[in-house]
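What follows is a short report on a single structure.
First chain written, first letter: the chains are A, B and C, and each begins at residue 1.
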Amino acid sequence: MTEEILKVAHLNKFYGKRQVLFDINFDLKKGEVLALLGPSGSGKSTTIRTLNGLEDFQSGQITFEGQNVIPDEKHWQELRQKIGMVFQSYDLFPNMTVLENIVLAPTKVQHREQKEAEAEAKKLLAMVGLSDYAQSYPRQLSGGQKQRIAIVRALAMHPDLMLFDEVTASLDPEMVRGVLEIIKKLSDEEDMTMLIVTHEMNFAAQIADRVLFLEDGHILEDTPGQQFFKQPQTERAQKFLESMDF
Amino acid sequence: MAHSGINVLFEGHNFVRLLGGLWTTVWIAALSLLIGLALGALLGILRTFKNRLLRLILRLYLEFFRIVPTVVLLFLAYYILPRMMHVANLPGSLMAVVAFALWVAAEFSDIVRGALISVPKHQRESGMALGLNRHQLFRYVLLPQAFRLEMPATINLATRVIKTTSLLMMISVMDVINIGQQIIEANNHLYRTGVFWVYGLIFVFYFLVDYPLSRWAKKMDAKQAD
Amino acid sequence: MSWTIIQQSLPEFAKGFRLTLWLSLVGILGAMVVGIIVSLVRYFKVPYLAGILGAYVELARNTPLLIQLFFLYYAFPVIGWKMSAATCGIVGLIFLGGAYMAEGFSGGFNGVAKTQLESGRALGMSRWQLARYVVFPQGFALSVPALAANVIFLIKETSIFSVIAIPELTNTALDLIGLYYRSNEYLFVLVIAYAIILIPLSLILTWLERKVRYGTFGN
């Protein structure tokens, strides 16, 4: 069974008069992992942010779990409980402990029981190997640890779809692996549906079921993952892959 | 409405007199700023030097002006300057300029120092790596970059100086407020609400000068934060 | 400089000292309350009220306290609002300080990192929840340095109360000089009196700034 979770149709976005996304079309099935690749400024981040209502768009339709998305802040607030997002800057709330960071939205936004939320938070912390840090403050953690907690914080909301926006881009190289392993594990063990913007080509090659290749706000390719890395369809993508290779 | 208070502004030479007072206010502010900024820039540069004694003295100079209210500074100048210079009748405006200029210099030295030390370290290092001497380093690398950083705070300092000129009347300078008071007193029997209009006009004068300046500073600040 | 003169003036200065402290305390607390309310109204963009209070902030910040006091003390009685000099002083200080404090709080709220807001929104928080859990706790911490500077500034501004004959420190000194013509002694005591208030206070405030900053952001 391949249930469609997300569908994006004819999406156009402008900053003032400048168009930054041109007729974006794609869909995402349950359990699928889609990687958004492309050079800097190609519109990958803008696209993924649009899918969480952090950027508006001027025309087109987003459909999530069969429902047309009404793009206003109130409806996005509802949807964001189902669409988790993790950012490059892993912004944990600095004035709260790790545990408080994780249970804040489940208890305040979803009105779940404090105890239940905490129990789940601890389970998730164990999953990412950070059980000992529940009572720590973000300032006591390394970048990689913070990013793992940010992922846990999003997962605690029980999302159906996870968006990862360059989550390893500001990490020290030796921290990258731990974060990527967790994302991989989410796909392998939990069958999480995911959309990933990344510069880690090896990681994308391992995890992506499909690749969208963007340039200048256009989707140039929508290709199965294995094929994209062996035999991209466009010359532009070929060049891009070569340039990432050293 | 023969006795409406607003007429007090246009009775005889009143309006011209108020403008004359405003001019006194403006030139005192301008001159104090000019001298204070020049002196402050120098002190600010000196405060980035390594000499500890020099830095300590300049720091104490700054702290003195931070602690003593401007009213008190004015009176210090008013009572102490004539004795120091052995002159009996120094004009109040001159003493005000001295007091304000020294105060501006203190505040500006801190702005300049803050801007200079926040120019990224690698800028200084790459300047030195090119073989620039200290003078050249300041002249071509540090000061131009610091200038941009210190603009908003400097404009804000100017607005403070302008507001502070309202204190001039306390040492009997014929500034706009002092003249306003004279007009009010002279016309009190005719125009009971004249006091409203005169102070209202002075209020507007100050606002018209300071508001655009602080808007400008805020905009510049926002631009630099991006 | 004569120590006897200084010694004889100390009881008078002590009275002025207490009054300066008292007026500052009431004025600063009042200004804080006004500042919080104004900044909240402006943060939530309450229709009409936010605009009006925005105008108030600009008017109060861009005009001298002295003129504000003259309005309260000389002009208002003409339309039947008569207040004692001390009340005028406190009202004036709250009027001026409220605007400065409002700017301080607003600066803090606006200073919260955009990425913090986004990660809050991405967790499905409402506008109110975002304010309650993200913007206010961090914004208050960010505003502490500006608030501390305002506290010092407002205490110094009480010296302007001397123009409406409130017998605070500066007025006490000017009165004594007028009576006995000993400007050196009285100005010396005056400067020392302000130093006694402001030096320890600014040390405490610096310590507090560090503590709040570390408690919230860890650096």
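The rule we apply is simple: a contact is a pair of C-beta atoms (placed from the backbone, for glycine too) under 8 Å apart; a residue touches a chain by one contact, two chains touch by 3 or more.
Note that the coordinates shown come from a computational prediction; the quantities given were computed from them, not determined experimentally.
The chain occupying the central position, as judged from C-alpha centroids, is C. With respect to chain B, maximal separation of chain centres occurs for A (centres as means of Cα atoms). For the pair chain A and chain C, the distance between mean C-alpha positions equals 47 Å. Separating the centre of chain A from that of chain B, both taken as means of CA atoms, is a distance of 53 Å. If you average the Cα atoms of chain B and of chain C, the two centres end up 20 Å apart.
Residues of chain C touching chain A in their complex: 113, 115-116, 118-127, 129, 133-134, 137-138, 141, 215-219.
Only residues 66-72, 75-76, 79-80, 159, 163-167, 169-170, 177, 184, 192-193, 195-196, 199-200, 202-203, 206-207, 210-211, 214 of chain B touch chain C when the two sit together in their complex. The part of chain C that touches chain B in the complex is made up of residues 58-59, 61-68, 70-71, 74-75, 78-79, 152, 156-157, 159-160, 162-163, 170, 173-174, 177, 183-184, 187, 190-191, 194-195, 198-199, 202. The part of chain A that touches chain C in the complex is made up of residues 52-54, 73, 76-81, 84-85, 87, 89, 91-95, 104-105, 108-110, 137-140, 150, 153-154, 157.
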